[in-house]
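Mind looking over this structure? Questions follow.
The first chain written gets the first letter, and so on, giving A, B, C and D; residue counts start at 1 in each chain.
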Amino acid sequence: MTVALWIVPALPLAGFLLCLLLGTRLGKGFVSAAGVGSIGIATLAAWSRLLPYFRDGGGAVVERIAPWITAGNFSVDVSFRLDPLSALMVSFVTFVGFLIHLYSVGYMKHDETDAGYARYFAYMNLFMFSMLTLVLANNFVLMFVGWEGVGLCSYLLIGYYYEREYAAAAGRKAFVVNRIGDFGFLLGMFGVFSLFGTLDFGDVFSRAAANPGRFAPGLTVVCLLLFLGAMGKSAQVPLHVWLPDAMAGPTPVSALIHAATMVTAGVYMVTRCNALFRLAPEAMAVVAVIGGVTAIFAAVIALAQNDIKKVLAYSTVSQLGYMFLACGVGAYVAGMFHVLTHAFFKACLFLGSGAVIHALGGEQDMRRMGGLAPKLPVTYRTFLVATLALAGIPPLAGFFSKDAILTGVFAANRPILFAVGLFTAGLTAFYMFRLVSLTFSGRFRGSAEVGAHVHEAPTTMTLPLVVLAFLSAVGGFLGLPEVFGESANRVAAFLAPVFPPIFLPGHEVARHAVSPAKEWILMGVSVTVAAAGLLLAWDWYAKKAGRPAERLAASFPRLYALIADKFRIDELYDVLFVRPFSWLARVLWKVVDVLVIDGFLNAGAFVVELVGDALRFLQTGNVRNYALTFLLGIVALLLIVLAG
Amino acid sequence: MTPRLVFDVAAGLAILFACVMVVHRHPVKSVLALVVSFFALAVTYVLLAAPLIAAVQVIVYAGAILVLFLFVLMLLNVPEEVRQTPDRPIHQALSAGAIVAFAAALLASLRAYGATRAAPSAELPPGDLAPVARLLFSDHFLSFEALSILLLAALVGSFVLARREESP
Amino acid sequence: MTANGIPIGDVLLASGALFVIGLAGALLRRNAISIFLAIELMMNAANLAVLGYAAALHSLEGQIVVFFVIAIAAAEAAVGLAIFVALFRHTETIDVNQINLLKW
Amino acid sequence: MSASDVGMLALRVLAPVLVILIVLPMLQWVERRGAGLIQDRPGPNRVGPFGLLQPLADVVKFFMKEDLIPSHADRFLYVLAPGLATFAALTTFAVIPYGATLNIRGNPVPLVGADVSIGILYLFAVTSLSVYGIVLAGWSSNNKFSLIGGIRSSAQIISYELAMTTAAAGVILAAGSFRLTDVVAMQSGSWLSLPYRGWTVVPQLLGFVVFFVSAFAETNRLPFDLPEAEAELVAGYHTEYSAMKFAMFYMAEYINVVVASALMVTLYFGGWSFPGFHPTSLGGVVLSVLIFAVKTAFFVWIFMWVRWTLPRFRYDQLMRLGWKALLPLALLNLFWVAGLVLWNAL
């Protein structure tokens, strides 16, 4: 039996409605069953469809549910699309989503009231619905619905602890920054429609591929606008500021939304539109540069952060930069592959950090951690595996995906970007091992009281950790480099249909751009760099308890302060945008609203009052007076009629 | 007795008792005068080939509405209107003037338009009910149903209005 | 001429007379119920005119109209009298000169 | 209109009225003797054989008594009220057919006062006017018992008129006419045919029951004689009346009983008709009048029988019965009849 595609997003939607409407009344047991169960069933449903698809491969399957908007020659359907790209996304979105929901049961159980618990799972289910809609959409409009849906859920879940001022502010910030990106996406969508006359993915891409010369000129702008949307969603410089703050939400939220799935929607969208981007080399260049800058910029900031989740957040930003770097140089497969592996290990890292925070009763500052390895054995081991994967140590997943990206950049003949990527790889290894060292090795630096209560997380939390760690370890074998054989890169082979051949001079998809020898050398270099960063961090923080770093920071105090303050981007925005707007708003309020608008109203009211004061003497309350007046009016009318 | 004569007598009675109704200071007597007036009107309706309306006039107006008036008057035990020292003389004078003006205007317009605008017609067959009923339940069916809802609303409304407020 | 040899002008005259009488009652009486009665009379005067025209024009629609007017008068009387009962309970009078609560 | 026509008309109208006026005193005798029978006592038996002349003696007494008018009463209305009551009761007879069609020199003469097309409407119109007699009597007496009796009566009559009219609407629906001769004609056919042409009481038993009960309330008879409930209101609206005026109320009540009975016979029991009986000759017509009289007498007797058998209702029970039981039942009956008519069963 084939499961219809719409079932997959519909199940989380049902879970959302159940949790929302009945959750508070029926209690946590019901919410757990409905919230996690719906995702579980959706995962099963999706995989029952995906397994044959992975086995047999195949082209795009479009399932049309209903016409949605029809106006003139503009028509939009509610229709879902299953092709290798969406299949890949759905496979890990459902699966990782399910694991994180499972983890949430253990993580949220003791913290929240019934109402809060129901709210949490309702939002999470709504998020899953939106994300799956985004991924499975067959046109830009439906994708935008999912796009906005995930943005909304992100906002709601960041502000989940809305009673805390900073959480509410972080949610607001995420929303506002995302709006900038969404604005770009909308404009890009309009551009696509004006260029192609349709918003259906299949039609747009086939038209673009069939007649590249005709559309190429306008596409640069359209692609840049679309990429603006992707920048907002995927936290690329300079719209990256919301993601670190988003850590104010519960940790499973950070893992699911702000690491594994939602933030990669931008990469997914750019990859989905590769047929357009490949026709706009200037836009591609911008994507690559923004990606590279974001990668190194965020990695540098991550070096100096002390909050465990902030480090991971900047790491996420940095890795997203990698993905865009890949897309920008045309290595879409590598980018998507990194999306996949990143989902595994970053989710694992976030969930691991959640376990640590959980164990320490809410403590997030690494300066008050340390020596947790023996107390949290499962968490420590899984965390270590995920860290090694992220750092790019073979044969773990991160190594292969990152190597694919670097190879792609190298092949695209972008030496500066390659250097940036390589250096970032080293930084990544460094800050991740700094994190591991500070957290798990050495001695415990927190208060004795907290230390006494440290305990391993419950099974619902450790099970997802183990599964994700396992996937982080072996996930890389799905996309072995080409040196291992022509068909070793299963991901590339599987995704091939998504990249339609475009016959335009200078735009052929490059294959075998790098010789096997060069490829081996590149691997060696990247492993060396990663290992160097790793060992340095190990040496500084595990063995010497961070003293070299302190010395280094002391010798460049201003630079260190700048990095620790995240290059003061927030402050810059505050001066550039927030304050002028706030000032303008005050002017509008005090002057325009109070004086002009209210003034008009008050003047009108004053006149009415005056007139009313004068006329009220006519209202005697005596019905006979009214009747008499009435009659006099009629007599007058009759006379007019008779005279006329 | 020709119909013409009957009409004149009935209309004359209607007008006469209408005058009595207005002039009489006791409300109960007023109601009774109005009953007679309406009864006479019913007779004119019969002569105008509308026997159904005549019957409805008697049943509803004389039999129900005016009984209701009587009922309320008896319930409230409304006293005779006492003639106070001139009751707002300006109002009375103005009213009288306006009424006279209105009557004159009415008469004038009657002369100008009334009689001439009606199409002359032959003898009307004695009113049969079936065509009226058919019209009522086909063309005016919706209004008829709306009317039933109005009556229900009036029933509920009057009940609510007249209910004695329960003492707290 | 209308049915049974009765001239339409006579019908209208009778109707007009009744209407003016009703008008006088409505304007000059002080008892709320008497005013109400006068209004009923005015309504009947209108009915008479309508029936007169209906007979003259051979139209049954006139009878329908009057039928509806009578039914609505019934509803109006029920509600109006209920209001008077409530009012009388409250103010102990139905002299409209003394019922002038609805003023500024 | 020739003189003989006018004479015929006068005869047609006046004959039943005269008959009733003659029969009325006898009814009183029947009622009192019946009461005696039911209550196991002799009843009037002094004047004449079996007290047969008692009515006559009563009439003489009523004429001879002093006619008092209370000083605080509204004289005009006080005098008008009994006349109004009697008049309203008598005029109802004008439209009830009391016999088959007579054939005089080729001219069919239906035995009915006035065979008008709105016969039943006329009946209800006059019935609704009969309230005035009672209400005015109660009010003009200027006596609290009378007033309460009058108000009760008007409320009662208006309330039950609804149920009664709605029940009768079923008959009108079946006959397709307001004309009472049509109603009788409808019931003088076959009981076995389809559409059914027998007495209406069979298909409309529910309607008849409602009409029957309402008739008691409309005539202010026990068990619904609240307006004159002697235990609480002395004698209700006619407390202050005496002599001939009292006699007129008394007459009005009996006329109403007869009219109600005649109406029930006409609407539900085939009027003057009888299954298998189709009068053509003069003798047949006379027989039809007799049949009508016997049927009516039967119902008159039931009125009396009930009076001496059933206890009185309480006022709120009376109202509740009228509004909450009889009216819905009458509506139900109307739906039932409408269904029958729709499916050509009537």
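Definition applied: contacts are C-beta pairs under 8 Å (C-beta built on N, C-alpha and C of every residue); 3 or more make two chains touch, one makes a residue touch a chain.
Predicted, not measured: the structure shown is a model, and the values here were computed from it.
Any chains in contact with both chain C and chain D?
B
Spelling it out: a chain qualifies if it touches chain A and also touches chain C; which chains qualify?
B
Between chain B and chain D, what distance separates the C-alpha centroids? Give it in angstrom.
Each chain reduced to its C-alpha mean, chain B and chain D end up 29 Å apart.
With chain centres taken as the means of their Cα atoms, state the distance from chain A to chain D in Å.
Inter-chain centre distance comes to 90 Å.
Quick check: how many Å separate the C-alpha centres of chain A and chain B?
78
Distance between chain B and chain C based on Cα centroids, please, to the nearest Å.
5
Which chain A residues sit where two or more other chains touch them?
Expected reply: 624, 628, 631.
Where in chain C do residues touch two or more of the other chains?
If we look for residues of chain C contacting two or more partner chains, we find 23, 27, 30, 97.
Which chain B residues touch at least two other chains?
52, 56, 64, 75, 95, 98-99, 102, 106
Thinking of each chain as a vertex joined to the chains it touches, would you call that graph a line, ring, star, complete, or other?
Topology of touching chains reads as other, fitting no named class.
Under the definition above, what is the set of chain D residues touching chain B in their complex?
By the definition above, chain D touches chain B via 77, 116-118, 121-122, 124-129, 131-132, 135-136, 138-139, 147, 150-151, 154-155, 158, 161, 178.
Please name which positions on chain A make contact with chain C in the complex.
Those residues of chain A that touch chain C are 616, 619-624, 627-628, 631.
Mind pulling up the chain B residues that touch chain D in the complex?
Of all residues in chain B, those touching chain D are 28-29, 32, 35, 51-52, 54-56, 58-59, 62-64, 67, 70-71, 74-75, 126-129.
So in the complex, the part of chain B that touches chain C is made up of which residues?
Result: residues 2-4, 7-8, 11, 14-15, 18-19, 21-22, 27, 30-31, 34, 37-38, 41, 44-45, 47-50, 52-53, 56-57, 60-61, 64-65, 68-69, 72-73, 75-76, 78, 81, 87-88, 92, 95-96, 98-99, 102-103, 106-107, 110, 114-115, 118-121, 123-124, 131-132, 135-136, 140, 143, 147, 150-151, 153-155, 157-162, 164 of chain B touch chain C.
Mind pulling up the chain B residues that touch chain A in the complex?
91, 94-95, 98-99, 101-102, 105-106, 108-109, 112
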